[in-house]
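Next up: the structures, one after another.
You will see two complexes here that share subunit A, one where it goes with subunit B and one where it goes with subunit C.
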Partner chain A sequence: MGAVFEGKDKEMTQALQNLFWILIFPGFVFTVCLGLVASWIVRKVSSLVQWRVGPPFFQPFYDVVKLMGKEVLIPEEAQQTVFKAAPVVGLAGVLLLSTMLWRITIDPTRLFVGDIIVAIYLMVLPSLALILGSSASASPHAAVGTSREMKLVMGYELSLVLAFIVVIIKSGGQLSLAAIAQQTPVFSISGLLAFLAALLCVQAKLGFVPFDMAEAETELASGALIEYSGALLAVWKVMQAMMLVALPLFLVMVFLGGFTGALWAGIAKYVLVLVLLILIKNTNPRVRIDQAMKFFWFYCGVVLVAAVILAIIGNSYGINWL
Partner chain B sequence: MSWKIWSLKKSPWVFHVNTGACNNCDIEIVDLLTPKFDVERLGIKLVGSPRHADALLVTGGVTRQAAPRLREVYRQTPKPCVVFAIGACACDKGIFTTGYHMVGPVDKIIKEIDPNAIIAYVPGCPPKPEAIISGVVTALSVL
Partner chain C sequence: MNLGKILPILVFLPLAVGFVLLFLPNKIKFLSKALALIISVIAFALGIRIFSLGQLDYSFPVLQIGNVNLELLLSAKPLGAFILMFAMGFGLLITLYSLKVHAIHNTNIYYGAILLTIGGSAGILLSNHLLFLLIFWEMVTASLYLLITTGGKNSNFAATKSFAMIGASDAAFLLGILMVWALSGTFVISEIAKGPVATTSSIPIIAFLLLLTAAITKAGALPLHTWLPTSGEYAPVSVMALLPAALDKLLGIYLLVIIVREIFVLKSAALGVVLAFIGAATIIIAVMVAMVQHNLKKLLSYHAISQVGYMVLGIATGTPVGIAGAIFHMLNNAIYKCCLFLCGGAVEQQAGTPELDKLGGLGKKMPITFITCLIAALSISGIPPFNGFVSKWMVYQGIIQMGTSAQAGGAAKLWPIWFTCAMFGSALTLASFVKLIHSTFLSRLPEELKDVKEVSPLQTGPMIVLASLCVFLGIFYHVPLKYFIYPALDIEPGTAIFGTWASGLATLLLVAGIIIGGLILAVSLLSRKVRIVPTWTCGEVQTNDQMRISGTHFYKTVSSMGGLRQLYTGQEKGHFDTYNQSGRLGLALTEFLRWLHSGILPVYLTWVTLGLLIVLFIVCKIW
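What follows is the complex of A and B.
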């Protein structure tokens, strides 16, 4: 390998290294494997809660392989290009987000890879892709699912940004994720409130019960994803698995101090957030979309405004526990 | 064995189609998903859309109204897929053999549009959940 690269630019090696980061190690392959394990954990813990045995360890892997081998059906009336491109767009968004988060986790001292604003933008992409793809599928069930997903995004996005504003204030106006991950704002009143609200927003972002109305199996027959089959559905499933890695990891970095301490402590924090999400999922019924919006705007919104005010007071008077 | 069939056996997602059953077989199918039988340990999952399905669990002897719907659902299911005729009615019209409104049984309707369809039969009125699991496992093992 050395002989091959000898005559080439340093930039070329740099580009190959970046490609390796995105496609193999902290990026695609690694996150997909980890995400499939995480979705196994979701299914296994759910079945333990329901006093069942649950699926075998490789079940999510089998599911994806099987979907890859199935026929891809595309509805005649669908907008073909958008219908096919949407899952890939969503996957690209999550891929960038997870690569960015892992790069910062592994080597926080490196140059700029992205700050909290970039992360917030990238986190919207999967929902946006879902809205695009399902509205391109020309199915009435998908249309209802899409409208619910749109309302849900409008509902939780405000709360999520307010929760991150609390963290930014607590860290003294820092926007860089590497700097934010050095602190644990959850050990203060405002930080704890923001963490709990952000946990529920992530629940909605992952499409877990109580906020799974866009994919409602019972009345919408899997709603937004109803027309997807075969490899396209596999891409959606892989995307959702990767979100199971990226979003809890993001919460761990922003609120719980990230992987700054020992490695096992970081993994324990991630598993803690994941299990919290699973337990919320398994102990709640689905709410209606209007209840979800009311919950995010009025209840979470008020709590978060109070948290922002507490954080500002705490910051300006130097009271760390506020 | 190709990897497509291998992975299909490992995670058969099922879609439930009622073509005029008396609801007894449907109750037994719902029984399968309860913690007692827990088919998720075999990778079996009930899905809401035929486009996600690998197996159709068809109950009932196919009424005149239901026949075009059954054909449409079969066309909407991505191949390879397996059709399970669950219960005496779905296998051979059962006690409705001479019924004026029955155009089934299931295999006849499915074979009209796809002569090579893979169809498995689980008889019984209704079949026990154990019989349904046994039927699914047997059908998948000969695939």
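What follows is the complex of A and C.
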């Protein structure tokens, strides 16, 4: 926290360091590349599940580059500033989240940017940007997408909060992500339940099936993104790829003990979470928005309340496996 | 020179001028506007001066009856002085904004009441004597009544409702003060603070609850909040921005802090739970109701209620970070809420309606209002790096610290409930502001609003000031904490917060991210032509009105969900309104009395005989 208020020279070098982090590693370049690789994994594994060959390794890169070269169409009724700024703000939000998580993973001894509550709030930024952007496009399809995306956020936020309460109980009131990454709540009943619920929340945050109703191709013609094209759409695609890096990493840090052990173990955990997400995506049909909300509020809610109670009991009687 | 003299000047100058303005004939509007502006500027300047001078005292003996010494004691303490400075600032901003508002009936009463509010608030924040505090408190209540009536049609009903509810709570306040006097033997707050009343037996607990009633009614927490949405619907928006959004919060929470920290020591676990429960329930219930509102002003009013919950909850945690967070949230809330109401007022004034389904697409027509409203909306939803996020984050830490501390009491054991309500409430707040932003500023412009223009600089000015404060206090949150809040609460800086939020660095990185994204876009947008096209409708030809989807039905999924549906209909019919229910009770009582007073002599005679018989039986002890 004090980093901002130290001497002038130190501030300069630190500013340069921060710039490197945000630009190259573990920021923009690294996250985008990793994100595009992750989105290739998503497409490849999906195709394997569906008995197809799947795209070549560089396909996500080609897609983005091709989109960048396309003409940009803007609807005449749109609020242009918000329409153009939304993807950029969403990108900046994910970038900050990803840089923060990687920075803490690389150097757990130093505090960087924020704690777990900050992380939860930063995760709302991409959804919010999507909502504002689609709302600004003045399209009726997008308006329906907007409302669905917002309702989805409302739905999973309750489950997410309850899942993090379990983690916070397990960590004894610690908020720093580095400290939380030291432990593995998933090896207890309550932690496992919380992890599964949080996994579904991340599924919804990523807009993966069964929670892709905001972009529903079949009835809304990609809803929230319907009016986006060219470079603007490319930025959205890059942002979504980056979320594939940040959100599973967040789950790994909070529930699976992060990258504390060997590097390969950390990578294995990340891939495990990613594959779980992909499998859920490929084995479920899309649900309606009211079903999704009921699912998160009532079914997940009840399970998580039970998990919180178990965690409290386990914590106060020193039973770690509860 | 005795600097303490400026305290009564700040209190009585606005009061005196305001009182005179009330009786001016309605023709000389210019004079009242000019006077109000001058006095509010003076009040703001004095407020800053008092804050910078530090501890000041002033006393003036009024009268003495027996051992009751009624003395006008004014003193500038750190907490009061810091709130005072901001309260005077709000007074000035609203006076500026009001100069261009057209929807005010009775201009002189309006400005007179604004000055009365300014003077009364100064009196409350400076009073060191509970009885004088009550008198100034009543003045603010009365001027709220006058201000609401300037809204014209139907506003009398809203004004009466507000006055009845706040007035009733003021009666509780008086009773509570007398009980505190009986318990501690003095009315002087700084004397009581030396040996606060411990809430161990029933009398102190009742006194505490009575004072609590007064504080939360003013601030607008559940279950005594219903005056707020009603007046929100009918009062001029500038009034809502001044009192319920800003000053009532400052005063109510100030009183709550005084009660909890100086007058009482909370020894009873049950009271802690009551306080935390009021906070958590206020957050969730009010925001659930806000989400389904169709009227811009009503929606904002329900949020004015919901946010109080965070402050009450923060104070209920009893931890330094929680209380500091609550006070910070009080300040932040006053800023963004005031801004939101002013934006709402601007929209209503220009578009002619506060109904969300008749608005839309105004972002292109009123860009400044849109941007300021967006910033305030993001702040209230707790989006980093704006100010609302920081204070909510501090309240969350307070809850966690309370829950995981060693000597966990009643309220502490239930911390997951408070935490869930607070964080989930924040998501719901975001949801209802997405609805507001969508249906007012984004979406499509209705045909009727094609000629709407931005409001005058006198009105955008205050909005810009408030929105920039939202950004400033969010990014440099150390500044207000260090200079205002920690000294006011006697907290050693650096000891309270245990979470991490490097807001400056985060903002820097966000800006860097925006620049990266912007560059990518710029390269592509500049190298290729951008084409403006009509909205894509899958080939169907549709009119603008058919394509306009207002946000009013966004959350029908929620309000028609089984279980919630019944609650929503009950709420709409006013079943949960304390005012309506007590009204019904009063009606039943008068019905009964009317039935007794039938005017038929034999019936009266029967009653008299029966009564005599009963008296006879009791006196003669015949049983």
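The rule is simple: the second predicted complex is superposed on the first by the 310 of 322 C-alpha atoms of A that agree within 3 Å, B and C clash if a C-alpha of one lies under 4 Å from a C-alpha of the other, contacts with A are read in each partner's own complex, and residues count from 1 in each chain.
Please note the rule applied: contacts are C-beta pairs under 8 Å (C-beta built on N, C-alpha and C of every residue); 3 or more make two chains touch, one makes a residue touch a chain.
The shown structure was predicted, so the numbers you read here are calculated from the model rather than taken from an experiment.
After overlaying the two complexes on the shared chain, residue contacts for A:228 are found with subunit B alone; subunit C is out of touch.
When the two complexes are overlaid on their common chain A, residue A:50 makes contact with subunit B while staying clear of subunit C.
By the touch criterion defined above, A:124 lies against subunit C but remains apart from subunit B after alignment on the C-alpha atoms of chain A.
Shared-chain residue A:285: touches no atom of subunit B or subunit C.
Of the two partner chains placed around the shared chain by superposition, neither subunit B nor subunit C is touched by A:318. Applying the stated contact rule after C-alpha superposition, one finds that A:66 touches subunit B and leaves subunit C untouched. When the shared chain is aligned, subunit C comes close enough to touch A:165, but subunit B does not. Between subunit B and subunit C, it is C that contacts the larger number of residues in subunit A. Applying the stated touch rule to the two superposed structures, the overlap between the subunit B and subunit C interfaces on subunit A comprises residues 68-73, 221, 226-227, 230. Residues of subunit C touching subunit A in their complex: 361, 363-364, 367, 370, 382-384, 389, 393, 396-397, 400-401, 403-404, 416, 419-420, 423-424, 427-428, 430-431, 434-435, 437-438, 441-445, 478, 497-502, 504-506, 508-514, 516-518, 520-521, 524-525, 528-538, 546-549, 551, 554-555, 557-558, 561. On subunit A, the positions that touch subunit B within their shared complex are 43, 47, 50-56, 58-59, 62-63, 65-66, 68-73, 217-218, 220-222, 225-230, 233. Put simply, subunit A touches subunit C in their complex at residues 1, 3-5, 15, 18-19, 22-23, 28, 68-77, 79, 81-82, 84, 87-89, 91-93, 95-96, 99, 111-115, 117-118, 120-122, 124-125, 128, 131-132, 135-140, 143-144, 146-147, 150-151, 153-154, 157-158, 161-162, 165, 168-169, 172-173, 175-176, 221, 226-227, 230-232, 234-235, 289-290, 293-294, 308, 312. Those residues of subunit B that touch subunit A in the shared complex are 2-4, 7-8, 10-11, 13, 35, 38, 40-41, 43, 47-49, 51-52, 54, 76, 78-80.
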